[in-house]
Amino acid sequence: MVRSDNRKFDEKREVKITRNYTMYPDGCVLIESGNTKVICSAFIENRVPPFLRGEGTGWITCEYSMLPSSTQTRKQRDINRLKLDGRSSEIQRLIGRSLRSVVDLSILGEKTIMIDCDVIQADGGTRVASITGAFVALYDALSKMVEKGEIERLPLTSFLAAISVGIVENEPLLDLCYIEDSNAIADMNVVMNEYGEFIELGMTGEKRPIKEEELNKLLILAKKGIKELIEIQKEVLGFNN
Amino acid sequence: MVRSDNRKFDEKREVKITRNYTMYPDGCVLIESGNTKVICSAFIENRVPPFLRGEGTGWITCEYSMLPSSTQTRKQRDINRLKLDGRSSEIQRLIGRSLRSVVDLSILGEKTIMIDCDVIQADGGTRVASITGAFVALYDALSKMVEKGEIERLPLTSFLAAISVGIVENEPLLDLCYIEDSNAIADMNVVMNEYGEFIELGMTGEKRPIKEEELNKLLILAKKGIKELIEIQKEVLGFNN
Amino acid sequence: MVRSDNRKFDEKREVKITRNYTMYPDGCVLIESGNTKVICSAFIENRVPPFLRGEGTGWITCEYSMLPSSTQTRKQRDINRLKLDGRSSEIQRLIGRSLRSVVDLSILGEKTIMIDCDVIQADGGTRVASITGAFVALYDALSKMVEKGEIERLPLTSFLAAISVGIVENEPLLDLCYIEDSNAIADMNVVMNEYGEFIELGMTGEKRPIKEEELNKLLILAKKGIKELIEIQKEVLGFNN
Amino acid sequence: MVRSDNRKFDEKREVKITRNYTMYPDGCVLIESGNTKVICSAFIENRVPPFLRGEGTGWITCEYSMLPSSTQTRKQRDINRLKLDGRSSEIQRLIGRSLRSVVDLSILGEKTIMIDCDVIQADGGTRVASITGAFVALYDALSKMVEKGEIERLPLTSFLAAISVGIVENEPLLDLCYIEDSNAIADMNVVMNEYGEFIELGMTGEKRPIKEEELNKLLILAKKGIKELIEIQKEVLGFNN
Amino acid sequence: MVRSDNRKFDEKREVKITRNYTMYPDGCVLIESGNTKVICSAFIENRVPPFLRGEGTGWITCEYSMLPSSTQTRKQRDINRLKLDGRSSEIQRLIGRSLRSVVDLSILGEKTIMIDCDVIQADGGTRVASITGAFVALYDALSKMVEKGEIERLPLTSFLAAISVGIVENEPLLDLCYIEDSNAIADMNVVMNEYGEFIELGMTGEKRPIKEEELNKLLILAKKGIKELIEIQKEVLGFNN
Amino acid sequence: MVRSDNRKFDEKREVKITRNYTMYPDGCVLIESGNTKVICSAFIENRVPPFLRGEGTGWITCEYSMLPSSTQTRKQRDINRLKLDGRSSEIQRLIGRSLRSVVDLSILGEKTIMIDCDVIQADGGTRVASITGAFVALYDALSKMVEKGEIERLPLTSFLAAISVGIVENEPLLDLCYIEDSNAIADMNVVMNEYGEFIELGMTGEKRPIKEEELNKLLILAKKGIKELIEIQKEVLGFNN
């Protein structure tokens, strides 16, 4: 099978992460994965949600949204329907859970790190690009806290990235673009840490159920992709020099 | 490890499915899985959502909600916050996708089967109980369509059930109740068909990431549980006589 | 006139009240009046509404809702229209006022008793069944407060129940079911205490205005029905042994 | 007992009805009952609600609202809470039902008469003043339809008015003003036609339940008041010349 | 050009301001400008918005709304769409800004003056009539604060009024009524103080852009009109005796 | 006075317009005016709003929003408050009116051009940058319609741009950045066509009223700035080659 953009089955799209993309947040990156483009920002706020008040621990939460101009046909704004899009709701919960899994929240103190993932252009894989980009924005925001002396050290337990995999025309593929995704038999979003362990796994058999051996092939592809993404994150953050 | 209700690690709770639980829907069951109780109903409606109008095909969609009295501390109604609960939104999307995966929608004609899963009492696993129960309500509603001559045969490609699995105190367990779920290191919801194939898989590492061998152990438990659930569904529907 | 279910004009439907119907609320009953089924629960909460803060007195309030599957044609959820149904709003105000009328709120302390009436199946008279059932749930919740020593004695001034009456084909009837209610010339909901005094009265001339003598006949029927209901409540609560 | 404004127990406040109060609606009156002032308007619209489409019959519906400046302490606008006030919802349903009860809707054709009752100043009895005033606005709008030849004759079966009665310091009183209403043991709103028949009756025992003989005294007062109101309506509409 | 109501090009409509129009607010006027009628009220409240808490300074804010019966075809209530009308939002921001510009807020203490402008009948120029009327209601509310000794002197720096001007059939006109406004090539709302200085200016070229000399002609007309309005305000407030 | 970024009083910030910024809309530009960055996109849709159906004419409308990460302190999303921000509402109405003023809508046919202005980074002047950028996006979308043969020629009557001016420390300045804007005595947004005519003018005396001679100085500055902006637009669109 020839992929729409001539990639090999186990080849992810080119990923570019631009730090300090806008000037106000404590961390802000533009992540581009092929034609998918997401602004991921992090603001540190001096408050925690009600259920954590007085607990001495921090929180990380996320909001995800697509610009009306980011999709093939214009996407209506949530405010006009007065309802948060169900898909957005699901995605922002996933991003928040994933980021929290690699942060020792007790070190943060009673602060919330507010992550925003705003999709500028959507060509498949926006939720996984958001996670991969948001990790870097979070890293920058936490580093700023260390610099300011608000915390002693980075409260991170691991790097974190995410990628999509799927079965298209019965072939397992890494990193589906939109045209592949909309024809996929099944697709899976995988979030992993730098030790190759699973943090989140979400698989949907869109066109048919999948067998265990297919699942295993997909997991292998995902591992490969996430390993490459974490290398890019490390390079962007100046680790590999 | 001794489980809170003395079950074995691979033992699911007792499941009871009562058909025709209320009198108005085209299908309506009460599913009880231990202390978890959900009313699952199905109404056949002569309309399809806008994106399917004129396509000659049908649709299945779901709404999920918890009664305020179903939880340990009273759960506020969505209408009072004017927002659909994010978790409910995620769950009802999952139930809808799962049910659609085993129905040939093109046979339905331009009808929508509206599924409602209303939790009466929540003790963990409400989303998987909803799927397992909703399948039976759907089966009854479709059977009614066959009886009325609206469709020639049941448009089902397989039975469908779902169960939760998780890792508690480093031990993989089948069918977590609430107390187990809230202490789980990781939990996973699995939706499968009667052929042991995967339809949906959603894993979250709540307390720590999980390794591949742990994932595989969980999948084995899930398979066992779902096989047992489908047997119960078949019995309730009069198949095994 | 022969009634749809062969009852006599002054015969109410069979009423069954199941206490401890679900396990989390402080009081929870299932009331069944013929085919009408309502779950009535009571949670004691350590707060009062803003207008009572610091007054040292308690509050009782109610929310009423119908499950989508409880009606002949599926009832849309309020959250999808982002509006509380006008009829529900009216009914829950009625239930709250009625219950407050038999409780000495000053004895409660700054606590709110939150009543939820969720209709599982609607066959007429859901609001009056809710009041009759909610009284028992309230009784159980208050008894629990006495047991825990939070209050010294039950702060109740009387039992309380409610019933509907109406004129169908010019004949006064007790306890209308749905088919009767939808053909009624006039219907009236009556809330009374155990001393035969009126707490709430709501009459609507649906098809034509009614004369004073008709009103009086309806009041006599209502008294009879409520007397019987209070006997059932007392029996269920173990009074008549 | 001396009433706050020196009225006798069976004396209603002075009522003034100004027709053609504003220039755009098909009927518009300002009704003043003592210090209570309500603008009641009627627009005829060429549409019916969905459930009546194609039935060849008309509809009358009402919206009721209080200006923020109409109450002792400023009343917040509904739009700021994004919720229709529960009391307003109840009142506008009452007004709509009452007006429909004296109109032969089948004569209207597929038209809706949209009634708006906007309270300019509230001193008790705004809902009953609204009904009494809205009837005159409705009369004027229907007359305009007759003039235009849209209907042959007025589709009215009776005049209609409403008044409040209540028990204050154990004494039955006609037409409670705000200060009386807020101290009332019980209050009742009564809607009657010109033949002394009951259309709506809503009684609430605010401070204590009431006995049957009290109820009967209240009904006698209400009859007297409504008779006087209908005379005023007839005079304003030029009947008694 | 002959104007619809025979006014000269530089002649504003007759303006009547009735103080103490309703009895509850701290200031309340009815302003009538030709057929345009607006109730403007002012309540003094013991709170400030969150961004001013602890600052020791006051605030003035405004809400503007049109009654459903105030317009040629009935205007739907905001609450039914669950959205504040965009035009209302714009107007109430304008009124608030205008009034704040002539008040020394630091003298008020931590109080908010809540202005409500409710349009009873709309015939063009409702926003400028609201400003002119609201100033008088504000004056009365502030005077009451002086009388009560809450502030030492009126914290006003100037009188304030507003008027509309526009170009109709290429002719500059003062104070457009609705029929003129809806045919205007351009219209402008001008808010000025008693010294002939500009506080707000909002010009829209509805049908074509306008040239600088046209702009200047409009400003001259506006000055004339506002001068006359401020004289009326002073007379109503008893200044010119 | 030295400006914060050393510009001269009549010097606007550097403006950069990037066409085809994202790939899905019919026109999409990124406009950067100093640190202010806005994505302006245009989608052509085959529908018109209800009030234009069957009129054979088109429509242009706009939505404006700021990303949460675009402001100094994170800006809450509208959907979380369930209310469109009042300022956004005002701005999007302004942009829509401005663009419509230079398009012959009757040539469009029954199409709507949907403009979205999403602020990526806000440093003052976002509404005027939106208008200037949106004009170019509109130009590109209309050109595409000409290319496709949907319309014969561009239905534009003029170029269009906008700029802010204001008085800071009593000095008139062109093109305020955020720090200047927040200290301005008065600011004005001006929308003009290429013939130096006024389309919209909005002046607010934030700190004090302004005199006529100040107004005139501001208008001269605005004219200069807009002339320069229109030159940039023409260059970007390839006119000045």
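By letter and in written order, the chains are A, B, C, D, E and F; residue numbering begins at 1 in each of them.
Here is the rule we use: contacts are C-beta pairs under 8 Å (C-beta built on N, C-alpha and C of every residue); 3 or more make two chains touch, one makes a residue touch a chain.
Just so we're on the same page, UniProt names per chain: A, B, C, D, E, F = Ribonuclease PH.
None of the values given here were measured: they were computed from a predicted structure.
Least step count on the touch graph, chain E to chain F: 1.
Centre-to-centre separation between chain C and chain E, using Cα means, comes to 51 Å. With centres defined as mean CA coordinates, chain D is found 59 Å away from chain A.
Multi-chain contact residues of chain C (touching two or more other chains): 82-84.
Neighbouring chains touch in a ring; in the direction leading from chain B to chain C, they appear as B, C, D, E, F, A.
Against chain B, the residues of chain A that register as touching in their complex are 82-84, 86-87, 89-90, 92-93, 97, 101, 158, 188, 192-193, 195, 197-205, 208-212, 215, 219.
Listed in rising order, the residues of chain E touching chain D in the complex are 22-25, 28, 35, 37, 39, 41, 43, 45, 63, 65, 67-74, 77-79, 82-84, 114, 116, 118, 120-121.
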